[in-house]
Structure formats: structure tokens, C-alpha cells
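Per-chain numbering from 1; labels A, B, C and D assigned in written order.
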Amino acid sequence: MNQTISPEALAQLCSDTMHRNDKASLAMGIEIVESLPGYARLQMQVRENMLNGHDVCHGGMMFTLADTAFAHACNNSNKVTLASGCTIDFLAPAYQGDWLTATAQQRSRSGRTGIYDVEIHRQDGSLIAVFRGRSYQLKGHVVPESSDQVTSPVT
Amino acid sequence: MNQTISPEALAQLCSDTMHRNDKASLAMGIEIVESLPGYARLQMQVRENMLNGHDVCHGGMMFTLADTAFAHACNNSNKVTLASGCTIDFLAPAYQGDWLTATAQQRSRSGRTGIYDVEIHRQDGSLIAVFRGRSYQLKGHVVPESSDQVTSPVT
Amino acid sequence: MNQTISPEALAQLCSDTMHRNDKASLAMGIEIVESLPGYARLQMQVRENMLNGHDVCHGGMMFTLADTAFAHACNNSNKVTLASGCTIDFLAPAYQGDWLTATAQQRSRSGRTGIYDVEIHRQDGSLIAVFRGRSYQLKGHVVPESSDQVTSPVT
Amino acid sequence: MNQTISPEALAQLCSDTMHRNDKASLAMGIEIVESLPGYARLQMQVRENMLNGHDVCHGGMMFTLADTAFAHACNNSNKVTLASGCTIDFLAPAYQGDWLTATAQQRSRSGRTGIYDVEIHRQDGSLIAVFRGRSYQLKGHVVPESSDQVTSPVT
């Protein structure tokens, strides 16, 4: 008898696997706060080497946080999925030491494509960026299919 | 008599000033290849700590390169200008060791807003991403206005 | 003593005024279902002359409905505001006779710029398009400022 | 022996077929000026029933023109291809009586997806909108495959 793990546990397992191998996110100190099917919440603190010439957080660093949250939300059902494109709008700046939280939520998924919305909030609760990602599903799994099934003998 | 420096020299001066203070771009090894009014060409090499969990260059790192090229193209006429939003489409992956070149070109600028297109090419000449940035001009200058004027006595 | 009308009544007044003058929307049979500050809900039925060569609703007609909903949501606080740019993603087709509802919601507004999200649903409740609009506020009012104030004598 | 028609003639044939069935474009008076593989140029005149409440051309009508040009450029190699999403930036208004020309150009196409850029110019040559379309190729042909092949007996 096959006993599959829950979608929630599978999402966590996919995120753990992805994050462990994501050198760019690790280098930036990005942390996975929560990963549920089609949803992910990540955070990072703005470091000095994330600032641009105006002494605010580089837009690219904010994008990277949002894009990583998007990647977790669209891969954590264990189907390898890539970003085909993204749109970001910057609403307010972030400064050194700020904690930023990116929350990604699936809006649509059918066939091979999907749409995900990500919001970035600052620790004071203000919304500082909105991001929309377009995903494209490939063949393949984030974790081996055997990982999400536990065979337990009927006793 | 005031003798102003050329737009080309001013663009270079603005880019030099911006780049010297852009800690994020410096940390990633981004280099300014060329800066002309409304135009900029930048390059970087994909390092191991720019890879994501699929062992290809993180989309956020490609975005950061494009966004920085956009920033140079829209600030190098010496008016402080921010990115209000950007769209990126990913066409092909980049791998560790690849050299990426981002070329930013002004498409439109009137009033306080502008549109800039950026292309990212790999060293083999293939186009791997297209980016469109929306700019918003603030008050203020990248370099002091006195920097772009040389007073020379009439002799 | 000045007695101003409520924001809700002002939103309705702005939408009525805009809609009466919007020849394109009227020609397409677009109807204003609801207009509240920063929010609008509009609907239209897909007519034969809205179909493209694949016999589904032309993307431009779906965009027009969404763009009009966006215009109401960003103008109904009685500040003349234009669309500077929009992104639309098409999720599913619409057919002749379908009733489409576009719901626009303000996500951000500060200074002269704003972000609005619009969703288009079909009569069966399915989400068929998502739209994000960027707004830019001009000087001027949709209805004369005197319209939103009623002087009532103290009795 | 099979003798295929040229890509240029096939592009024209696809555009003729699409346009004849595109009721929305015909209703708006959109005309196909030129159709070459991966490229299309269309025009229309702004009519009174294309104006919005500010008495300028409704953004939805400009989008529809651009979207139609995009459709021709991405279908005229005789593979049925849909728009999955589009971004438009409005740079300047158009008025009643203006002639608008939309020029669509393929930027990228590989696998099932592609990127197309469209520019809209006014008759005075000014650029009034830029549009970027994302395409998704389905199975099927715009014109029957037999249409683009002429069997001629060897004599």
C-alpha cells in the first residue's frame, strides 16, 4: 500500500531541497519562512553590499527576493517550473538593516503556464514592491517522486 | 565665460560617480563598458554564488545587471532618476563562467518619465533576456552642476 | 458652512461623468456596475464584432474592458489620472455572448503615481485575465470641485 | 515533386486569412499594410467612437491595434499562436482623425514561446506607445498545409 505524504509536507520538502542548492539566495541571507502549495513567504535583511549608489537597496536585490519567493511557490508542488518573465513595480525604498518579507501566491495555473503575485513588505508593514511572475513547467521533479511516497506494510 | 563639458564626457562622469558608490554592483563584479547619453553597456561574469538551485544563473542576478545598465542610461544626463518599474523576459539560461553583457538604450523620455530597453547577451552572441524599464525623474543631480562646467577666463 | 458629499457619492459622480463622455466604452456596451473610491466593477457582453480570427474575444476588447475599469478606479477620487502603462495576462478565452466582469482595485497610490490590479471573470466565475495598471495623476478634476460641495445655510 | 511557396508569400496568405475572419479588427477599420515572416505593419484611423472621456483615443483601442499587429507577426509563419500576455506603455495621446501605424517585430522565438515588440507611431512620426507581447504556439496551422504546397508534375 502506498501512503503519500501530504501536499503541505511535500511543499516543505521541495523548498528545503531547492533552498539548500540555491547558492545565490544563500549568499544573500534569504530565509524560507513558510512554504505551502502554491504559496511561499521568504525574508532577508538589507545588507550594506545590497545598496546602490543612492544608498538604498538595489532594485535587483528586491527583485531577487521576490523572484526566489515566486520560484518556491511555483515549484513546491514538485514539478520543475521556470520563470519565463516577471514584472516588478517599486513603490518605496528600503534601507540598510531593513527586514524585507516577500509573499508569493499562485493566481492561476493551467497547462504548463502559471501566474504568481508577490508582494514585498518592510518590517513596518508598508508595501514597497509588487511583482508578477509568469511560470513555465518543464518535465521533471524537484525531489524524486519516491521521496513523496512512503510504502508502509499493512499490519 | 562658461565652457560646459560635452554630453559624452558628462555621461562618463555620472557613470563613474554612480558606479563608485554602487556597493551591490561592485560586489557582483559588474563593470561599466560604455556610457553615452541615454545609453549604457555593462558586463559581468556569472560566479558560483550567482547560481540558483537548478545550477543556472539566478534570474535575480540577470535582472540586477539589466537594472544597473538601465540606471546608468537614465541617470547619465545628470538628472537623478529612479526605476519605477521593470519587466523582464527570460529567453535562455546562463551558466557559471559565462560573460553577460547588458545594453541599455533610451526609447522615450518626456516630462518626468522615460522608457528604456535593455538586452542581455551571452558571450556567444545569443540574446538571453529582454528588459524594459520605466524611469521617474526626481529633482537633483548625479554630480554637482559645477562639475560639468569649467569657467575659463577670456584671454 | 460647507457640507461635502461623501467619498462614495463623489466616486459615483465621477464615474457617471466619465462614462457619459467615454464614447469607446459606450460603443462597446460597457456598463458601470459599481464605483467606490479606488475601486470599480464593470461588465460587458462579448458581441460578434468583438471576435478575432479564431472566433474568440479579441484580446484588445478584454484589455479595453480592464483598462476602463482601471480608469474609473483611479479617477473616482476626482483627480484626473492617466494610464501610463499596463500589463495583461490572458488565462482563458471568452466567447460570443459571454458576460465579462472586470474588477479594479487600488494597490498603491502615493505622490503622482499608483498601481491598480484588475481581474476579469467570466459569468461562470472563472478568472480569464489579470491586468496591472500604472497611473499618473495630472492637475485637474473629473467633476468641478464645486460639484462635490454643497453649501447649506445653518438654520 | 513538391514546390512550396516562399515564406513571404505564406506570410501574406496567413495575414489575408486571419484578417478576413477578424471581425473586431475589421469593425475598427484596421488595415494590413505589410506582413513578412515575424513582422507586420498595420494602420488605423482614430474614429469618434474610439475616444475616451478625455476626448483622446482610448488606450484599449491603441492596445487592440498593437495586439493585432503582434498576432499577425507571430502567426504569419503558419503556426497557430496565441498571446499569453502583453505590456504596453503609453507615451503620448492620439486624437480623432489621427492615423496610427503599429509595427510588430519578432525579438525571440524558441520552443513554443516568443517575444514580439510593437511600436505605435502617429502620422507625424512621433512614437506614442511601445508594446511587448508574449506568444504561445499551439498545434495547428493558420492556412491548410496544402495551401502552401503546389504539387507540380515533373514534365
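Following the convention adopted for this analysis, a contact is a pair of C-beta atoms (placed from the backbone, for glycine too) under 8 Å apart; a residue touches a chain by one contact, two chains touch by 3 or more.
Given the structure is predicted, the values throughout are model-derived calculations rather than measurements.
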(request) Using only the C-alpha atoms, find the rotation that maps chain A onto chain B and quote its angle between 0 and 180 degrees, to the nearest 5. (result) 180
(request) State the chain with the largest centre-to-centre distance from chain D, centres being mean CA positions. (result) A
(message) Comparing the two chain pairs, does B-D have more C-beta contacts than C-D, or is it the other way round?
(response) C-D
(message) As a quick test, compute the distance in whole Å between the mean CA positions of chain C and chain D.
(response) 27
(request) Go ahead and note the Å separation of the Cα centroids belonging to chain B and chain C. (result) 36
(request) Would you mind pulling out the distance in Å between where the CA atoms of chain B average out and where those of chain D do? (result) 32
(message) Which positions in chain A are in touch with at least two other chains?
(response) 84-85, 87, 89, 134
(request) Flag every residue of chain D that touches chain B in the complex, lowest number first. (result) 87, 89, 91-92, 107-108, 110, 115, 127, 130, 132, 134
(request) Could you pull out which chain A residues touch chain B in their complex? (result) 17-27, 48-55, 58-61, 63-65, 67-68, 71, 80, 82-90
(request) Can you check the complex and tell me which residues of chain B touch chain C? (result) 84-85, 87, 113, 134, 136
